[in-house]
Each structure stands twice: as structure tokens, then as C-alpha cells.
Amino acid sequence: MLTRSTIDRVVAAALDEDAPWGDLTGEALIPADARARAELVAREDGVFSGGEVFEAAFRLTDPAIRVELRRVDGAPFAAGDTLAVVEGPARAVLTAERIGLNFTQRMSGIATLTARYVSEIDGTQARIVDTRKTTPGLRAFERHAVVCGGGHNHRFSLSDAVMAKDNHLAVLESGGADLTVALREALGRLPHTTHVEVEVDRLDQIEPVLAAGIDTIMLDNFSLDDLRAGVAQVAGRAAVEASGGVSLDTVRAIAETGVDVISVGALTHSARALDLGLDIRIGD
Amino acid sequence: MLTRSTIDRVVAAALDEDAPWGDLTGEALIPADARARAELVAREDGVFSGGEVFEAAFRLTDPAIRVELRRVDGAPFAAGDTLAVVEGPARAVLTAERIGLNFTQRMSGIATLTARYVSEIDGTQARIVDTRKTTPGLRAFERHAVVCGGGHNHRFSLSDAVMAKDNHLAVLESGGADLTVALREALGRLPHTTHVEVEVDRLDQIEPVLAAGIDTIMLDNFSLDDLRAGVAQVAGRAAVEASGGVSLDTVRAIAETGVDVISVGALTHSARALDLGLDIRIGD
Amino acid sequence: MLTRSTIDRVVAAALDEDAPWGDLTGEALIPADARARAELVAREDGVFSGGEVFEAAFRLTDPAIRVELRRVDGAPFAAGDTLAVVEGPARAVLTAERIGLNFTQRMSGIATLTARYVSEIDGTQARIVDTRKTTPGLRAFERHAVVCGGGHNHRFSLSDAVMAKDNHLAVLESGGADLTVALREALGRLPHTTHVEVEVDRLDQIEPVLAAGIDTIMLDNFSLDDLRAGVAQVAGRAAVEASGGVSLDTVRAIAETGVDVISVGALTHSARALDLGLDIRIGD
Amino acid sequence: MLTRSTIDRVVAAALDEDAPWGDLTGEALIPADARARAELVAREDGVFSGGEVFEAAFRLTDPAIRVELRRVDGAPFAAGDTLAVVEGPARAVLTAERIGLNFTQRMSGIATLTARYVSEIDGTQARIVDTRKTTPGLRAFERHAVVCGGGHNHRFSLSDAVMAKDNHLAVLESGGADLTVALREALGRLPHTTHVEVEVDRLDQIEPVLAAGIDTIMLDNFSLDDLRAGVAQVAGRAAVEASGGVSLDTVRAIAETGVDVISVGALTHSARALDLGLDIRIGD
Amino acid sequence: MLTRSTIDRVVAAALDEDAPWGDLTGEALIPADARARAELVAREDGVFSGGEVFEAAFRLTDPAIRVELRRVDGAPFAAGDTLAVVEGPARAVLTAERIGLNFTQRMSGIATLTARYVSEIDGTQARIVDTRKTTPGLRAFERHAVVCGGGHNHRFSLSDAVMAKDNHLAVLESGGADLTVALREALGRLPHTTHVEVEVDRLDQIEPVLAAGIDTIMLDNFSLDDLRAGVAQVAGRAAVEASGGVSLDTVRAIAETGVDVISVGALTHSARALDLGLDIRIGD
Amino acid sequence: MLTRSTIDRVVAAALDEDAPWGDLTGEALIPADARARAELVAREDGVFSGGEVFEAAFRLTDPAIRVELRRVDGAPFAAGDTLAVVEGPARAVLTAERIGLNFTQRMSGIATLTARYVSEIDGTQARIVDTRKTTPGLRAFERHAVVCGGGHNHRFSLSDAVMAKDNHLAVLESGGADLTVALREALGRLPHTTHVEVEVDRLDQIEPVLAAGIDTIMLDNFSLDDLRAGVAQVAGRAAVEASGGVSLDTVRAIAETGVDVISVGALTHSARALDLGLDIRIGD
């Protein structure tokens, strides 16, 4: 999901941010010809994500560094596992270390948290999806991490799918217009490839919205009972997404109401970086 | 700490990421001449950070939007408080909403978490500082948020201060060289403005390192007893930084050992986005 | 559909391309304090597109230039009509002239050609849509022009909708797999917001493809009879797109077969620039 | 004429535009390890242009793709000819296909149209040249295509040659100044390497303009008789360019008037994309 | 000669380079609401250049700063003169100071050195021109400074004029080809707007080169006698440029040989920054 | 000190600046398949700097060019020495020549001038350092050159160390505040890694400034006697930097006063480009 040119552009900017005029420590303390061998080691269990990004951090610092990935993206690992091996000029390995870790720890953190949510709803028909609550500049990376964890992606941006919320519906209904009619008319202006999702706050909004011919209906902050009622009312005429109040404690119950999609902002906006370390040995 | 040109560059890229070819929903459902008034409302207590960034998200989407900030960066607020008021063309307000929130929620989350750490060590001589475990591309923003929360910054990058770790020391000592001599010689090659910090793992490393004339010594993963012993041994000849195993539960005890600086990677790598919402009313 | 930041970024690059170290002619021949008034005049009938882009070319060259648009994007005009009036420092007006024209002529050319296609199918249920055969770097601008001409957009990129073609289907069927089963399984991996369109070359492919639960079926290079048969066979279970062999001569007959969508690559890859001129008067 | 760094920068931006977060179709439907072999095949006769650009589209998507060009830029080909062969990972080949084609079709379209103009004036002393009516961002590419078609380039930008038009001359003459004197004085301020071309609308303007010592005189929208008269009057003291009303129908007669240069805006602003296709076979 | 967008792009990058994460000193020592008034004062005589660039350094740091220029570019000044007055928020004024000075000192240094060369040849027919020996990234700025000093520009780049040197001539003559014939043929491939200059090392090269119909002949490292002989030999058939061994001591004698153009690499590659200072008063 | 990504970014921009649409001369006069061998030869004695940058100019123009460096950065050389050998396609070698030279001549010029200053103070305890008076966009390159010449770097930017000057001190003392107290308080807000340097103009400022606990004190424009007095007064409590009035004539006397650091703006703002040439032989 991540193209090489995207990875290289973002990683190069991160390296610039972290070493705008070089690594003072390495230049002063490490001989120019010293070599290093480093292992990316898991300090806790998790799901791997960001292997290519990790590799790019070292390659873009010095093309002479070799990175061997021991896990593919999406693979689970246990504390103590070696996830990758890095070998090359010591100064460059030390220069790239932090950026390589910053990306991989964040991405693996998201993948691991996603995997916990996915595991919680195992056996239901629901899927766990992300939201647009991502880190500015890193959305493609974080969405990739969600997929590594077994989740699915929601729309990427404002440009690729419609998500009509309370404000939009209020505007459509202003002046006493019929919601269904107004919505259908508005949707007719969209590209035929645009998926249309509408968020509702109450059960009585479902029918007029569905009648406009939409693709997904989001039941926002519904109780479990209302979710069940909503699913029954939709009756397969659209996909049903549950949103709001989703946590590891509540997600299974939500999934068991029969919804198709559960969106979890916390996957990206509040995931903890996973504890991965780089064990470096400098020699020759 | 954030310059206007930096803010504008990063926020513009985030807006592009989120609306590469416009906001399909707004264009289809909201009249071009509709106007909106929106309030940024706190859903939980916290410390504000990112006001100028929030403003930039709206200004760069449409210069006709006005943003009035009700809190300055660093100010505390309570759930229910209105932190800013936005007014302008409805389509543009809706287009900028998510990006404005993504930045402010993240930055206020970091500021709020930092404030909790700072509050924990109130009355001690220690300061809470960040690390280089920041989000790629957003380091200046996240460091600013740490300051908003009452914390201090550590070095920004590999380029502006020396941090010698176990690997560096091992290299200096290889071949049986005297650590103090080798370190002092290496440091002589640095700019005179470079602050030199050295990380040690054991108490017996303190003396040879201090003898080289360094500025800060980091005691990495020391027990509380060893921290106390370390502080005593350093005896004011350098600043003392504690690192590793720092949490809200342990930070006060660490501070009470007498260290000067406590670095907390979690401030930036694992802060939770704060729950802020934008209450929008579309009218004319 | 075009955001101000996108417009400004692309127009600034075009200005740089056309005057990397200034306008030698204006600097040598026009006094620094001379002023100019210019009218954008249509030399032929057409549909306007690119007003904001035209304005940006002058504004980015010199903020002191004022541009008054006399037509909104999407408005028709006749030969001789004045579409915009420009006033400001003469050197800057002359510097920006060509770039302003290059954008507006191209966009209005696309809008005008699109309007001719749309007019040809008036009264049918079909819509005219663009393709990804756009000018590298200008896709958002050209898609906007298509909408100005009364057309609709197809997917923007490889990232926002699925378009499975003969190669993809061949892969799915390789090894004797059942196409419907294989396709359904593959689609299950997509985001729930992804619109799925499949291109078929023969009538007998329609049924297995539809059975997989897709959104749009593209009948590629079908005869009119086969298009009619295809529409009948689909029977509303998916949108039907006709593609291939579409020209102003054939488009109405195609539309009358009952298809929903007709994609026309020529709208963007072969549109002629519209003849618009800038009549400039330099005075004081 | 196109440097590798220019090609790579522009092609990478085009790939980003077309796959901002990957190719959903390929990722869902094509196995990661499938390979493809593709042939770039001409669907009509033409002149090739853009081989290196085509190659870059695939290389920048995946360095593992190999592209073998079967025609050099500027070579003619017939419908059915294979112009290039591509081989590599199937997903990447499919991802790069459209961008590779968009560039090559456009450039070969320009080269082919140029070649028709050049062929029309065969045996005369005139040359066919382009104008600044190019696609924003692609001028260097389109000018290269003109050369591939046997045409020549005009000035690249406002910065590299003078082109004084009616507005400039009017300013020089304002207040009753002598045109020759005013023009000569103005030109004295230019770099000595600047080629000076002046556009005139009437025969009586030729003499005062030539007297100022210019390099090329453009006869704008002159009748054939006036062109002949103009050429006679100039009598070799400057190059003569004809402009305006040039089409494939008129270009030979214009060339036969004895002008040196015929500029044709349509070469770049209205060329049709050439019909080239990529025949892909996915296997292993 | 410098467009606003070029100035802003280059100055913004310089500000980023000088304050990647803010001005630590100002933030720590100057109150946020303090204001400053500063005067740009000449510490030595010179010619001003870079007024708009100076203004941009302050405006891009904080739009609230006002800059009043007291000299236009190209104006001479004496030690002690006030060249500009700056007023605004003190922190921002201090942040922009160095960058504003770095540009203006360099550009005024070039303008002043140029003016000395121009003054030396006063009364001759020669002009002083720059070369491509400019600072990477600042060529347009440095060329503008040369013009401010009364000099003229040579070609800007490899793309806008031909300069054939010994290597090129050697290639043309290889295999015993006739230089005039080979050169004329090669030049026929160029755009008609391309100025052609050829560098020769010996008097006997002049005739065959001139015979090819070139615009300027450069006499490289010729003695004064040979320059005089060269000028006589060319006899007005092309412009004559002298190059090599040009200094303030030798330039008048060179000019008096009758050459038209004297190129001086030192104008840009070795000009000393002019001593300008910013006298700042912080108050309220 | 220069990372590969920084070098490549800056050199690519310089190449674009110098050949925005190719090298007209080479394309017209040199066969596409001609090859060249070139030697970078010193025309005067000096210290080498910019080897990797020189190499990048050729590699980025054409990856087929091979550059063999005969000197490492920092090595001295004599007039006539060959510093590097270049071999590859002739057109590309000629295209890259000027940019390769512009960088290397400038950097070697700075290194050579620095080496002269360093040599002048040989045997003293002082070090020669640069300032922020660098070329916009090239600071990292010019600082690297200073190190090549045996000098040291001062702070890189406003962001990595404090330098409090007269204006800052005046603000601290305004309203009658005690300077030591005010300064100490302000410095407490800085990161603990920030080096603090304060500039004083008079001997009586030393004591209150030192009392605040700073790292370096700069004695600005002090007489030699006052420098000696200042060094005595500081007595090792901080590093002492001399600034102002430093030239090759005065630097030794200044160094002999016992100061630790001597900053020389001229190293970067007024260094002369070193005379290096590229001797090219085109063959096959």
C-alpha cells in the first residue's frame, strides 16, 4: 500500500529533521571506517509493520548499509525475537537508528493495537476500520499499519468517499425540505464511483436516509440495543457502521449486534509506540 | 518556538493529504454560499497546545475564515470550555475541521500528559524533558507541546548536542585505551557550543566520564538507590539525567533522588490524543 | 473541486517555468511604473473554466494586480464576450499573461468539448465521464473542467476505486478458479468504501462478474447491439458503463442503449485549447 | 534535451498523483509475486517521443522492472509496431501503466503532428517552431517532442529571448518618440546574448524596427502577399517569422513565401494524444 | 529581475536553515510583546542591492513587521547612511536580522564591486558582464546585483545561449573536418533565438569561426596586443568578448582595446560581503 | 558532516538552475556517444574541500559518469596537482562541469582561507571558528569547508545555542533589574543542553554575566589589552571568545591574549573562490 517513492520522500524528510547538519556524536567519537552490526529486537510481543520503512531509513543514510528483514509486515512476533539485521558503516548505522525505530515502533504499535481489536471480535461478521484521525503527513503509513494488524481501512480522505454527518443533514433539511429527496438529488452530482456513507444519531433517521439509496449507514454513539434495532431496520439494504464509545472492553458486544464495520479512532490517534530496540555491536 | 513558515508548510501538506481533490461531501451537500460558526470545545480537562496550528488549518483552506483563540498555548482548561471560535464559509470550515483537530488534539494530548508528569514532581529540583522519540515530521510541534505542558526540551537532533551511549564508549575504550583520555580528545573536536552528555549504565563509569569534562551525565536504567548514589558521586560537577523506567507512578521517586533532568519518551511517542470537538452550526 | 493551495502551488510552478529569471522584454521595454488594463476576450463560443486559476496567475506574479471575473466556471459564453478584466502594473500583467491563458484555454477547451458530448446525449439517462488519461500534474484541474462542461468524474486515481480489467480477471481465473468466487474473495479485502467496477469484453462475462457483487460493470468496446443486450442482462443490478469507440458521432447511439455511464478519454487527452485572447492596453 | 533529474522529478509527481495511497485493484486482485510482460504497441502510425519518460514511469514505481526501448525518440513507426517491452512484477507494471502511457501518448502525439507540418513544407527553407502555448509544468517535455518530430524550438521562456509585441511597441512610441531610437536604446540594456525578436502587424513597421538592429522580425497574421512583400523588404537583414493562421492546409503556402520560421501554437496546445497501447500478459 | 515568488521561496529556505526550531535566545530573553525599531546602516560606501530580499526576510518571519526602504536597488550610498528602517515585534526582528543582512551584504558587495569595474572603463564602449561562476541556488540574485552595479548579464545558464569552447571546437574538427562547415551545420540545429558565442584561444581561429556566422566571439586569455588585433580582424562582424586575466588593474587597458564585452568571474565568485549593520533599539 | 541526502538535494537544485532545459551547446556540437576524460587540476596551492559534492554533480547528471577523488577533504595540495579524475559521456561531463567547479572552488576557497588563519595562530590555545555569516542555503557546506581547513564551527543556527548580545542584555536590565538575576532566570527556561554564550562590550560587564553561570563569554571589539584583561578576569570560569577586527594581520596577536575562540566572519562571507580547473579531453 506504500509506494517506494512515498516511503523515500517521507523517510528522507525525517532524516533531515533529525540530522540537519550531521551526527555530532558519531563524527567525534566513532572512526570513519568502523563498521556495525545491529539487530532489531522486540522487547514485547506484537505485530510487525514498517519493514520497508525501516530499511529505507538506513539505505537513505548510506546505500552501503544492508538490511535483512526477518519478519514481513503483518507477521506476529514475541518478545526477544529478532525482526531485522542491519550491517554497515557504524556512523551511518547510528545516524539512522532513531528514525528507523521511530517509524517502526509507531507502525508496529498501531498494528499491534489493531490486532487486539480484531482478535476481540473474532467470529463475528464485523470488521475493524480506521478513521481520518491520523498523524498529519503519515496517513498512508498508519493505514498500512492498520491493515498489517488485520484491520481494514475506511475512506482515505475527503476526496474519495462521502461521509454525510449531522451538519450536512441539517443543511439538507433546512427550509423544510424532504431529507430523502434532497439527499438523493445531492448524491446524483457525485462521481458514480463514490461510496456514500451517512451518519445518523437516531433510529428514526435511518429510513429516510436509506431511501435515498446510500451505501453505508453509520450509527453514531448508539446504545447496544439501538445498534441491534438499527441493524434489523437496515436489513441488509446498506452496510452498517458503528462508531463512538468503542474500546477493547466494548468492541465485542458492539460487533455482536450484527454491524458490519466498527471504526476505531484510537487505532491511530492514541496507539502506544511498541517497544522495539536496536542492539548494536561496533567492530570491524 | 514554531515559526509561521514552518506551521504553514506542515499544515498545508496535511490539508493536501486530506483533500487531494476536494471535499466531495461538502461540495455535494452544502450550498457554496452557506456560512458556519464553530466552537472548539473541550470534552475533557487538559492543557492547550496548537492554537496557531489550528488557526492555520482554517486560514490556509480559505483566507476568509476567522479564528478567534480563547486560550493561549499552555493554558489549562476544563471539560466544556470553549477554546476557540471559527467563523466563515461552511464548506471550507468543514474541509479544514479534521486537520485542525488532528493537530490540536495531538499537541494538547502531549501538553496534558507532560503537565501530569510535571505536577507529579512539583517541589523537587528536577525537570521533565522530551526525547527524540517523536513523530517523523512533527518534532518541532511536539516539542512545543511539551513546553506548553511545563516540560523542557532535550536536544532537538543529532546535530545540536552530543549524546554518547554505550556503543560510543565501547569504541573509545577498544584496544585498551583510557576512556577519560579518549573521550576528552574526541570532545576537543566539537564546536565549543556543543553540550556534551554521556550515558552510563553503572556507577563505576561515572568517574572516568566526569573526568573528561562533560556537561551532563545520564544514568540509564538505574535503581533509585543507584540514582541517589550517582547524584552524590557527581556532586554538582555535571547535570544528572535519569532515563528509563519512568512512568507517572515512578517519576516522583526518581525526582526525589536529586537528579536534575528526567527524560520521558512516552511524552511524545505514546501520548493519547486529547478529546476536543468542533461544534458546528451552519446558517447564514 | 480545486483548493486554493493546490491552485497556488501549480500556478506558481508554471510561472517559474515561464520566467525563471524574469521577463527580459518587459524589463527592457516597459517603464516600471506603467500600468495596464486587459480584457480576457473569447474568440469563439464555449464554456468557461479556470477562472480562479486565471486570477492566481496574476495575483502570484504581483499581489497589486486586480482580476475581476465576468463569468463563473461552467458558464457558457459567445465569441466576443469579455470573460475577465485585469488591471495593474503593466510589466506584471504582461509577465503573467501567457500562463493565465495557457491554463484557461486548456480548461475551457475541455469544458467546451465536454459540453458538446453532454449536449449530444441530452434526454438520455447516461452521464459523460472522464478517464485517467489526463495531463500529468493537472488531473484535478482537468477533472474540474469536465464538471464545468456538465460532465461527471470517474475515479480520480488508482487509490480511490477498483477497476478490474481483463488482466486482473485472467489472473483470478488462472489455475481454473471460479471467477465469481475468486473475485468476491478478493473484493472482501477492500475498504468497505471502495467502489468496485469490472471491465468485461464479452456478454458471457457479465453474469459471473455480477454474481460477485460489484457496483459498476464496464462493457468495453461493445457493439450497440451488445450494449443493449448487456444493459438488459445487468437489469439494474449494477451501473453500466460503456467505453471505447466513443465520439461525438457515436455517443448518442451509445447513450440510447440505456447505459448509465459513458467514459470519454478524449475529453482530457485530446481536447483542443479554446481560443481566448487577452486584449491589453498599457497606459497610466 | 531532457535531463534525468527533470524526468524523474516530473514522473514521480505524476505517479504520486495517480496512486497517492497505492493501487487498490492490483493489491486486491494480483498476487504479490506475479510477474508481467508487456509490450507498448502502436495502434496508429506516428513518430516516437518520450522513451526515457516511459522507462522512468516503470523504474520509479519499482526498480526491479526492466524496460527495453525498441525505438529511439524521433523514430517513425507504423501501426502494429512494438515500441518497447516491459518486464517485471505484475502489480508494479499495472501501477505504472497509465502514467507511462499518458506521457508517451502525449509526447508522440506532438511529435507526430509536428512531423506532419514539417513534411508539408519539405523543400522550402522554412522551419516549424513551437510556442509558449505549452502545458504548464511540461514545457521541456513538449519542446523535446517537437524536436523529435523534426521541428525546432522557439524561445523557452520570458527569460531567454526578447519578443516585443504591439503593446511593447506602443509604449515605446508613446509621447511621440521615434520607434527606432527608443527600441535601440531599450535593447542596449539587454544581455549581449539575448536574441531580439519583434512582432509587427503592418508592412510599414518593418523598416523602423529593422533599423534598430534586431535579430528576427515576426510578421503576425500577414496575408500571403504581405508575407512575400515582407520577406522582400527584410531582404536578409533579419530572420523572418510568420505567425497566425497556420494550419496543415496553409503551412506550405506560407513557407513558400520565403519566411525562415513558422510558429505553430497548435503543436503543443491542441495536439491529440497518439493511440498507443500496452499489451500486458501476466504469468510467472 | 527577481520575481516575488522566487524571492519568497529562497528567503523562506534561508530562514528555515537559520532557525529550524526557533530562536532560543530571543524566546528566553525577550518578552513576547516587546517591540523593536532597527536601522540598516552602511558601515562603508557602496551600491545598494537586495532591498526586496531584505524586506522579505522580515515579512516572512512575521507579517506584522514593517520595512521601509530608503534606497532603491542600484543607488549608491555612503558610510553612515541609513538604507532601511525596520519596525515590529522585537523577537521576530532579531530572528530575521542575520538572514536579511546575509543577503543584502552579499548582493551589495557584488553590486559595489561591479560598480568599481564599470567605473574603471568609463568612456569606453565595453560592458562588464558576469559569468556562470555564481553561488549555487542564488544565480538570479547575484545577476540582479551585477545589474544594480551597472554591469550587464551574460547567458544565465547552459540552456539559453551557446558558448562553444576549445573542447567543442576540437570535437568539430576531429577527423579532419572543416571547422567552419562543421560549426555552421551544428548551429543550424539550434533554435533561431539562440545566441551563439564561440571562444577562441588564437587569432587564427577567428576567421573560420566567424565564417560560420556566429554572434559573439570570445578571445580567451589574449594579450592586449592580440585583443587589439582580434578586434580589428573581427571588424564588427560579431561582438567581441574578452575573458581571462581581468582585474581592476587590467580592465581599463582591456576595454581600450575596443572589445565589446568583458566578463569577470570575480564579480560573483569572489566578491566580499559589504559591511552593513542593523542598529536595533528594543522598546515599546 | 554533510549527509548524502543533503548533498544530493542541493546539487540537484544547482544543476536545475544551470540547465533548466538542457545544455544547448553540447547537444548541438558534441556527438551523443562521445566520451570524455577530465582532470580537476589545482591552479594554485590550497586545501581541498567538497570532494563528495563534486562527485555528486557528475553522478546526478548521469549515473554513468565515474569520478575518482585523488584528495580527501581537508588535504592540502599544490598548484598543478590533480585532485580528481572524471570519466564518462562527454555531453554529461560538460553539462556538470561548471556546477562541480562552483561548489568545489567555493568550498576549497573557504578551507584554504581557514587554513591560513589556523596556521597564523599555530602554537596558541585558541581555535578559529566560523559565524552565521554564510551563504543562504549553503551553511552546512561552508561549515564543512571550515572544518576541512582546520577550523571549528560555532553554533549552526538560532536554534542550537544561545548568543545574547547588547540588545538582549539591555532588555534584561530595563526597569532597573539586576542583570545577573534576570539572566540566570531567563537561562533557566532553556533546554539543559543549550550552550549559553553572552557578548559583552566592556570589561565591567564580565562579572555580572559570569555570575549568571554562562558557558562562553564573547569579548566584542576589545583592544588587545582589554582582551588580556578580560581573559584574566574570566580566569577559566567560561570559555572566552574574541570577535571583531580579526584579520590575518591581527589574528595572532589576538590569539596570544589567551582567548579560547576567535570567530572570523570573513571565512565564509568574503572567501575568494579557489582557482581550480577542469582539463577535459574528449575522445572515444
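By written order: A, B, C, D, E and F. Residues from 1 in each chain.
Assume contacts are C-beta pairs under 8 Å (C-beta built on N, C-alpha and C of every residue); 3 or more make two chains touch, one makes a residue touch a chain.
The model shown is predicted, which means the values in this text are computed figures rather than measured ones.
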Touching both chain C and chain F (chains): A, B, D, E
Chain at maximum distance from chain E, centres defined as averaged CA atoms: A
Averaged-CA centre spacing for the pair chain D and chain A, given as whole angstrom: 44
Where chain A and chain C are represented by their mean Cα positions, the distance between them in whole Å: 32
Chain centre separation (chain A, chain B; CA means) in Å: 22
Residue numbers of chain D (touch at least two other chains): 19-22, 27, 95, 139, 156, 159-161, 189-191, 194
List of chain A residues in touch with chain F within their complex: 12, 15-16, 19-22, 27, 60-63, 95
Chain D-touching residues of chain E, taken from the complex the two chains share: 127, 129, 152-156, 159-161, 189-195, 197, 215-216, 239, 241, 260-261
List of chain E residues in touch with chain F within their complex: 10-11, 13-14, 17-31, 34, 36, 90, 94-95, 98-99, 101-103, 105-106, 109, 132-139, 157-164, 167-168, 170-172, 183, 186-187, 189-191, 194, 265-266, 269-273, 280-282
Of all residues in chain E, those that touch chain C in their complex: 1-6, 139-140, 143, 156
